[in-house]
Each structure stands twice: as C-alpha cells, then as structure tokens.
Amino acid sequence: MLNRIADMGRYGVQVIESLGSATLLFANSLMWGGPGSAGFADLVRQIFSVGVRSLSIIAVAGFFVGMVLGLQGYTILVDFGSEAALGTLVSLTLLRELGPVVTALLFAGRAGSALTAEIGLMKATEQLSAMEMMGVDPLKRVITPRLWAGIISMPILALIFSTVGIWGGAFVAVDMLGIDDGAYWGNMQAAVEFYNDVAKGIFKSFVFGWVVTWIAVYQGYASIPTSEGIGKATTQTVVVSSLAVLGLDFVLTAVMFGGV
Amino acid sequence: MGKRTVEFSVGVFMVLGMIALVLMALRVSGLSMDDAADTYTVRARFDNLGGLNERAKVSMAGVTIGRVTKIYLDDKWYSAVVEMEINKSMSTLSKDTSAAILTAGLLGEKYVGLSVGAEEEYLKDGDWIEDTQSALVLEELIGRFLFSKAKE
Amino acid sequence: MATDQPYVSVRNLTFSRGDRLIYNNLSVDFPRGKVTAIMGPSGTGKTTLLRLIGGQLTPDSGTIVVDGQEIGKLRRQQLFELRKQKMGMLFQTGALFTDLSVFDNVAFPLRVHTSLPESVIRDLVLMKLEAVGLRGARDLNPAELSGGMARRVALARSIAMDPELIMYDEPFTGLDPISMGMIVKLIRGLNSALGLTSLLVSHDVEESCSIADYLCLVSGGRVIGFGTPEELLNEGSDEVRQFLRGDPDGPVPFHYPAPDYRQDILSGGR
C-alpha cells in the first residue's frame, strides 16, 4: 500500500518534471526566434514535410467525413421535415468541431509521430550532440522550425478539411439526395457567421497545432535514444497529443461557444 | 525531392489555405463586404419569446430580410424586447407592420415573421413595431384546450 | 594568455553515471599546441571526458578550464559561442546529418556561422574534402557511405571551421591502412601548420605513439600515466607498460567490474 502511494507520488513528480522541461524546451526554442530565425529555407522545408505531406490524408478524410455528415444529418433531419437545414448542420459541425479536432488527430498520427521519430533518431545518432559541439543550438536549428511549421500548417489543414467536407456534404445532399441547391447553401450562409464560427474554428486548430507539435518535438527530444525508446516516444506522442486535443477542445468549446 | 519542388509545393499549400479561407468567408458564411452598413434597426415588444434566440432569422412571406441582434427584458413592463436588423433593401415596411414569433416546422427553430400593414408611413431606424404576437407556448395551448373542454 | 599555459586544464573532476563513479578527483592538463592521445581500456570514460570538456556533460564537482574559460561558469549562449570559435569534435559514430549530402554536411558549420559567399564556401568545402580524399563523394548521402568514409567526412566537417582545439574520438577505427596513414598525416599536419591543440582518443598503441606528443593513460577513473611515449614505455609503472604492450594479465583489469566469476556462475539466477 505504502509502496503504491510512493509509486504514485514518484509518477506525479515525473509528470510535473516532464511538463517543466517541455515548457523550458518550448520557451528556449520560441523565445529566441520567430518563424524565420533558423533560416527561411528551413521553415519552408519543415512546412513541406509537416504540412504538405499531410495534405492528401486530410483532404480525403475531410471529403468522407463531410459525406457521412450529409447522409446521417439527412436521416435525422428528414424526420422533422427540416432537411433544408442540412447545409447548416454540416457546415457548423465541421467548422466548430470536426474540422479542427479530426484534423488535429490525423495530424498527430501522421506528422506528430514522424516528428518524434525523426528527432529521436537524430538524438540517437548523435546528430544533435554534433550540432551542439559545432556551436549550433539544436533547439533553434532543429526544434524551432519544426514547431513553427506545425503551428502554421495546422490551421491551413483544418481549413482545407472543413472546406472539402462542406463540399462533400453538398455532393451528398444536392447531387444524391436531391435537396435544393439554394436551400443547402442559403441556409448555411444565413446560419454561419465568419467571426463566430469560421474564425473561432481557426483559432481552435491553431491551438491544436501548437499543442500537437510541441508534444511531438518534446517527446523526440526527451526520448531515450534507442530503437525501443524512440518507438515508445512515438506512441506516446500520438496518445498524449490526442488526449490533449480532446481535452482542450472541451475547454475551448466551453469558453468560446459558451453554454456552460 | 528537389529544392524547387519543395518550395513550389509549399507555395501551393499556402495558396490552397487562402482559397479555403476565401471560400469560407464568401460562400459558406455569406460574408459580404458591405454587410453591416446596409441595415437598420427596429424593435418590438413581446409578452413571451418562447425560445427565440439572438441571431434568429427575421422573415417576411418566408424570405429572410434580417436577423435578431439583441434580446433583453424591459424592467418597467416586464416584457421582452427584441431588436432586429432589417436589410436596407427592405426600407418600405409600413408603420403598422406586425411581428409574430413563429416556428419553422413543428419542432424547428423560432424566428420572427413580419406581415405588411396598410399605412403610408414607413418604419425608420429605431422605431417600434406596435402590433406583436407572442410565441405559441404548447403548455398554454393545452391548458386552454382542457379548460374549454371542462366548461362544456 | 601565456602560450605555455595548458589549453585544457581539468581540476579535481568527479563524475558519475548513476551509481557508477567514472571519474574520481581527476586532474590533468592538456598542453597547448600539442597532440595528446588519451588511451585506456574500453568503457573507462574517454568519450565521457571529451564530452565533459565540450560542456555536454556537467561534472558533479571540479572544474574544467578551456583556454582560460571555465566551462561550468558559462551561460548557455557563451558556451555555444566558445564551441563555435574554438572547438571541433569528431564523434565516435561520425554523427553526420542524415538529411544533408556530404557536401552540405561539411558546409553546414560554415553556412551557419559565417556569411561567406557560396563560391568561397564551395572552395573551402572542397579543400576539406580533398584533405580526407573524398572530394569525389561530395554528392552522396550519408546513407551511401561506408563506415570509414563516413568517419572521414565527419573529420572534414569537424575541421571545417579551423578550430583551436579539436577532439578526435577514435579517428582510426574502421580505416584501411592507406586512409589511416593519410589521416595520421592530416592530424599531424593540422597541428604543426596551425598550432592546433589536439586530443585524440585511440586504442591503437602504435599509431598513437607515432602521432602523439604526449600520452595520457586513464583507467579506473584516474590518470595512471602522463608523458611522452618514450617516457611511458621506458619508465612507466607496471600497469602503464602492461597496457602499452597489451598483456592480458596485470594490474589493469580487462573486465568490467563484476563479482567473482566462479561465484557468479555457480549462484544461478541472472
């Protein structure tokens, strides 16, 4: 019993410790440099590997999610005779929730895990140490451009996800279910507000991008430099950042869309 | 992967983001540049809103011509006041226009429905709509029905 | 700074990894402008010593002074500045950047630290690559190099900035005799031409004796011998001579600390 309590205490201390060192890592890599501080070319290269490489999975997923929303929303709304509100349902669901959240989860699996593995491997092969010995701060060289790339890419990906999703919904609603084109778009336009729905959704995805990338680079940077350690860190990235995204989503929704 | 290809595809990525944003603004949220300036505000007093929300539609003959911007309780009369923005294009609403709180479908959202009056003078910014009809509240209807049945 | 002062001076250094005490009150000076070979049994902490000097590890106690600056007292930025201006290190594993070509690897420190035009950087990089005989391999990726080639590229990279102090962690392993001879000449040449201070970790007694001005023998967390190769070969203690001659029996243990062999075998378990 006493042992269990001691274990829990030790675990708690470990969690707080890693939170502290993650914060230090974040502060050290962002405070001393904006997006271009390690060279603009580096940032572009990272946006490529973090953002562009995630584009296809995001677009395909967005299209299917939008189509499913269209189908499911229709079967529910048609019972109340309000299938004209389908556009509203699809767009608000995507903009406020599914766009940012699903994109962040996919992003964690696709880009986050790759970031962790890459940085962990750089650590294991002493590339980070070599950089340090050359007088180059790996935080600035390696971590900063990746962090910024994640923060920049995520809102773009989420926007693309939602856009593709809304058009996917329109495809199902208008072309397959025969809902009036004007009703789908007209009701949507009447209900969706740029600031309240679109901008808040972008803000959400911005926060998620920041959190997922931060967790990913920290897990890589703090990983035990063996194949086992890197594997564990990669899993950890996906698990921790997914939970963080879902938890934060609740908080952000409560604060921004009220109701609590 | 050549350097040029990387730069080019990141450029394309950014452009796609912009396009998505523009689509969101114009096509999805129906934002138009001259939105705010083109409305005027009228007010109406209701005994019971029955679940009307801010941002609800204001329509006439089924066409949306504005939206509810503000709802508050008048603490002198203890009645609800609804402020709504009407598009400038609908500037010829007569003074005796009436407003009712209606429901879209059986269980749909509440909205404000306006019906035309007969007077020559038009509503101006800040005017009150005098002739109003509150929301139908299901409980009240049932209560009234039972009451009249009992009297028979 | 007087030129007769040691370039690196270690005082009362104590360092442990977990429960294992690696250095206990170690004091040693590495003279300026000379090649000093650090030798000792595998696992005594030679790599660790280089990392301590480079400031990548922090001693439990004691001080390390590099060219008049005490490593432990520097702030993060100052430490990076010192490494940039004065240090070069060849890692035991090479540690090439896997996402850059051979050329870009060698050019990396130049591009980061200087604002030289690309044409000058090209000349410098080709010069360094020529010195290690790999000018023709400039467009290869690190994954396409053999172990020995990778080490030579890493060597070219570590001398790219012309550091004052250069630490080689086992530069000779995995090299064929020709490359080895070339690298030996290169290290010697850098030293006499530019007056570099070199620390060289090596297991190769013969090469080390031929290349080094001084030998520094570490074992069991302390220095067991420091001097010119002749001094140590002729007048060193028993353990020093055992090590240099490579005898398995003697005061220097071949084994990692362990309980008695017979007992260990008989006790079962793990």
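Annotations for the structure displayed:
Lettered A, B and C in written order, each chain numbered from 1.
To be clear about the criterion, a residue touches a chain if its C-beta (ideal position, glycine included) is under 8 Å from a C-beta of that chain, and two chains touch if they have at least 3 such contacts.
Keep in mind that what you see is a predicted model, and the values were worked out from it rather than measured.
Where touching is counted per the definition, chain A and chain C have no chain in common.
Across all inter-chain contacts, the pair with the most C-beta pairs is A-B. Distance from the chain A centre to the chain C centre is 43 Å, each centre being the mean of its Cα atoms.
In whole angstrom, the spacing between the mean C-alpha positions of chain B and chain C is 76. Between the CA-based centres of chain A and chain B the separation comes to 35 Å, rounded to the whole angstrom. Of all residues in chain C, only 51, 54, 56, 76, 80-85, 87-89, 91, 93, 95-98, 108-109, 112-113, 154, 161 touch chain A in the complex they form. Residues of chain A that touch chain B in their complex: 41, 44-45, 47-48, 51-52, 55, 80-82, 85, 91, 95, 153, 155-156, 159-160, 162-163, 166, 185, 188-190, 192-194, 197-198.
Looking at the complex, you find that chain A touches chain C at residues 121-122, 125-127, 129-130, 132-137, 141.
By the touch rule above, chain B contacts chain A in their complex via residues 1, 3, 6-7, 9-10, 12-14, 16-17, 19-21, 23-25, 27-31, 55, 57, 64, 67, 104-108.
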